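Take a look at the structures listed below.
Presented sequentially are two complexes of subunit A, the first with subunit B as partner and the second with subunit C.
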Partner chain A sequence: MLKGNKNLVTYGMLSGIVMLAPLFFAGGYLLNVLVFVGINTLLAVALNLLLGFAGQISLGHAAFFGLGAYISGVSTATYGVNPWAAMLLAAVAVGLVAFAIGFPILKLKGHYLAMATLGFGIIVYIVFNETVDLTGGPSGLSGIPSFTVADFSFDSDMKNYYLIWGITLVAIVLSANLVNSRIGRALRSIHSSEVAARVMGVNVRLLKVQIFTLSAVLSSIAGSLYAHTMTFISPTSFGFNFSVELLTMVVIGGLGSILGPLLGAGLLTLLPEFLRTFQDYDIIVYGLLLVLMTMYLPGGLASGFTAMCARIRSRFSREVVKNAQG
Partner chain B sequence: MLRVEGITQKFGGVTALSDVSFSVAEGCIKGVIGPNGAGKTTLFNIITGIYAQTSGSVFLSGEDITGLAPEKLAKRRLVRTFQNIELFCGLTVLENVMVGFHTRSRSGVLSCSLKLPGHLKEEHAIREQAMACLEFAGIADLAETPADSLPFGKGRLLEIARAMALDPRIVLLDEPAAGLNSRETAQLGRLICKIRESGVTVALVEHDMELVMDICESIVVLNLGRKLAEGTPREIQENPEVVAAYLGEG
Partner chain C sequence: MTGKTGKSVKTAMLALGLLLLTAAGAWSAPPIKIGGLFSITGPASFLGEPERNTAQMVVNEINAAGGIKGRKLQLIAYDTQGDATRAVQAATRLIKEDRVVAIVGPSTTGDTMAVIPLVQRAEIPLVSCAAGIRITEPVKPWVFKTAQNDYLAVQRIYEHLTRKRIKRIALLTVSDSFGSSGREQLKSQAKRYGMEIVSDDTYGPKDTDMTPQLTKIRGGKAQALICWGTNPGPALIARNAKQLGVKLPLYMSHGVSSKKFIDLAGGAAEGIILPSGRVLVADLLPKSDKQKKALLSFVRDYQKHFRAEGDHFGGHAWDAVMLLKGAIERGGDSPAAIRNQLEKTRNFAGIGGIFSYSPTDHSGLTKDAFVMLEVRGKDWALLK
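The block that comes next holds the complex of A and B.
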């Protein structure tokens, strides 16, 4: 019960920060960056379900993100489908793709799984580039409409900020609920011992495919949000580099933690913006930070954050005791 | 309850088991013993669907369960533990046991992520039943401890508690006393008897002769992949072939 209340406080604070943040950056360039933090957080939450909890690597998640974006983009810009319907259509289509490739791919383990998902990502990337008639090829697809509700159009950064962060926060809460349920326990048990999980009656093969599909669907939703916010997409946003970046966000944030994806995505999206001042040397600072972080915070930012809170709390309670004695 | 017939297992040119048959009567404790390399663990791996045998059949209460996957056996309430304990690290002790209720709970992704009332009710019931399993194994006080920080002996007890969560008809214990001190072994012996008293059939592979002779009603002896003898502890102790296999005579 106490634990539930603590979670509520965390979510409440988190929502509060998210709600108020735009007031400080209204209309500015940073607000645009924060929109990306939201999308990347949603993607990191999706990948964390697969990698952090079920322990299955994917080096092709940018492909699901891209498929979501392109299905949304093409169906609205070219065929005039309503953006919300397009988002749903993309989610269902990507879910089916993930489910179909999940069965053969997830039989593989470790490096082989990484290679297979990597291969999938590259194939999808090539398709985006080569099907020029459909996707516009390397020069991209423009004229994607924004989301609308009746006469209200999500046509500014501010409106999209609230839309995207609303969905992202809901995804965080739902994924937190999921990992603390029977399904989450089964996922985490696969991570640690597949054979014991099977002996306990967990259908490991099916569950892996299911979580892979769920993760892909969430990525697809992020893709649709991206497409309708940017109104322009091109294949470079969905390449191998971005898959690796997503992976880095999840690892830096903290594998298998609820707030990890938020912290990881926040850091890795904001950092390049602040490192602009170092100009050409930004990549060195970036690399150095990642190395230091993996050395000194192997549990990710989330574990560092928790440890810091605990230290502050214990110092605070010591002060209280001291004051009481004094 | 459990019957194995003519189990043969070849790994390339090596015959790990050859034509092994025996049965485990309902409600009894059956011991499988034999020198190292006799094929005991291989036999357990075949029964529990982890290896596919070269030939032979396994029956559970008359039903042919040959080659069924472990998760299917779990539904038929056959469960095992492992020689090198396989706990779920990253989960608490209680959560480890709660995984054992997976087959008997229904909540789907939607119900779990939205915390629908049905799911919450089910979760509450699972938690209580899992606590009962921990109490059964005498480790209820460790419920909230992370499983990876348990000492080895407690880890064994947790594995047994987790197995009991499936409400099994039969439990296969693979060297449950390995790595335990004498006090822990005695405690384990009492726990195994308690499992049998609760109406669950037990089969165990074990090296600790004192424990085996003490608790088993019936014993199978394997040597070099063959069944050497079968009988009550007294018969086994007096069997010259068994003595020879263990002491290296003849």
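The block that comes next holds the complex of A and C.
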């Protein structure tokens, strides 16, 4: 269950903000960007479970995202499968792949784990690129249908916004529940010390593979959502760069925090849009901001956010006290 | 209190005055906004940068010459980084926020395919600068393109080979969208020209050594080698081939038709034959050539503004902006009118070739858009 009323209020407020946001952006292009913020948040939540809580790095998460997108895309566009069924199919298939490669890969630690996941990501990217007959190769796969329910088609930004954010919010709440449970504590114990965790009776090997699989499945769902929203996919969106971008979102947002992924994904997706005013220099400003943030907010945006709230609260209460005295 | 009010009144009057001043100095009508989507950074920046530069240069020139029917043209260009997601975001911004009447670009086939569903739904004409055949086949009502189709280049090469009585060829193509599209066309058209493909190899866009593929080709029965890629791969192939002593005539694609290729390949470039748009040889063209005037003005202006040689990629953007200008001049600035007028464009002599669009053809060029060039003495020579 959710821990106490405080969390309930937080999630209630969050859902409220998310559900009402489109009213302010309706018809504007920012709504389109917010759709991608939703997808990236889902991905960051998935990666955060693995990296933030279990402490296992992955430089290949774009591959799971891409596999989800391509399985969804190819099965619907080429073989006429229903998009919902395709999403399920993709999630199951990616789950199986992650489970299978999880056992050998997660034996590795630190840099070696990073290398192995990096290798996996690159292999998958090459497969997307080279199997031209199946995936359409480098020039992409088009003609992917949108999600539909009876006659209702999710064909506009507004409809997709609610679909994607609905799923993302559910994922956030579920992941919060998970990490506050017995399993969550076991995950954090793995993060601190695998040996200690094993001594305490945690099945480290299996649990790592399980969380890796869950993370991959969530990424695959994000991939399916992406494919059916964009109605077009090409390999460049699922390369190494995107894996690194995801990692940056999680780290900038705040490792091991529930709202961190949301803040990180939101910032990294929206920032380039606001920096367009700098024209050719936007990349420099972008990089500079990231450096400053990692220097001054080492715990990520989530911790900075909490610290700011605490400061405001303490100042407020001090003022209340002062007023009461005065 | 009074002092404060007085100050704010003064500020307001100053602002009003400034506003009037700028309004008087500016054009009476609001500018016509066109959007640009270019991969200015990222792996395809070699396309996007010259395209953005050229588009801005052409727009400035049009405005300096009095605009279109007295109205200024405004280009709003965004960087897609060669990434489909960013291309879609930028296109959405152009359509919904900036409310452009037409879009130039994107630079790559992938980005173009990604934004097509969007422009089709929003009914905004798009003139792509990418070459992929899937952009305009099948024809989509709102989508046009200026880059030459790959199969036109393939036809030129095969015609040249036929004239040289070469029948057996080896292919070496890069595994990106440019290479895979070329490979597809080379294979599908081989039969029509009676070509026999004796080997079909690929290389990665970041590979630094192609000797394994070339060794295999050298041992085969091919009479000529056709290589399909963009810089720097083909230059490495030319060097490797020379080192290995491959004696086969080497054909390249229009993907390397820039001075940079000769610089990269050095002496190994000598004797290489390739199809190319006319822009490289603008000064060598006969006076009767219809494109000569446009070509010379493009090359001269690009040199003046950017101190670099104008290339095909810039040319695609030049054509796109000029085609839009023509359409707006004839039919006004509503997206639907621009689309209809674009489709009626006939015999427009641009940089890429002579464009004639029709309801069944939105790529607008024939194989005459290409000439065959040979590298001689570190420069281009026009082949008959």
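Annotations for the structure displayed:
One rule holds for everything that comes next: the second predicted complex is superposed on the first by the 323 of 326 C-alpha atoms of A that agree within 3 Å, B and C clash if a C-alpha of one lies under 4 Å from a C-alpha of the other, contacts with A are read in each partner's own complex, and residues count from 1 in each chain.
Definition applied: a contact is a pair of C-beta atoms (placed from the backbone, for glycine too) under 8 Å apart; a residue touches a chain by one contact, two chains touch by 3 or more.
It should be emphasised that the depicted structure is a prediction, and the values quoted were computed from it without experimental measurement.
In the superposition on chain A, contact is made by A:Ser142 with subunit C only, not with subunit B. In the superposed model, A:Glu130 lies in contact with subunit C only, and not with subunit B.
Once the two complexes are laid over each other on the shared chain, residue contacts for A:Ala46 go to neither subunit B nor subunit C. Legend: residue contacts after superposition of the two complexes on their common chain; A:Gly184 is shown touching subunit B, with no touch to subunit C.
Once chain A of one complex is fitted onto chain A of the other, the partner contacts of A:Ala197 are limited to subunit B, with no touch recorded for subunit C.
Once the two complexes are overlaid on the shared chain, A:Leu169 sits clear of subunit B and of subunit C alike. Residues of subunit B that touch subunit A in their complex: 48, 50, 69-71, 73-75, 79-80, 82, 86-91, 95-96, 98-103, 105, 107-109, 112-115, 119, 122-123, 126, 162, 165-166.
Contact residues of subunit A toward subunit C in the complex are 27-29, 32-33, 36, 129-130, 132, 137-140, 142, 157, 226, 230-234, 236-237, 272-273, 276, 280, 282-283. For subunit A in complex with subunit B, the residues that touch the partner chain are 174-175, 177-178, 181-186, 188-189, 191-193, 195-204, 210, 214, 256. Residue ranges on subunit C touching subunit A, taken from their complex, read 40-41, 43, 78-79, 82-86, 88-89, 92-93, 95-97, 109-110, 113-114, 116-117, 132, 134, 175-177, 180-181, 184.
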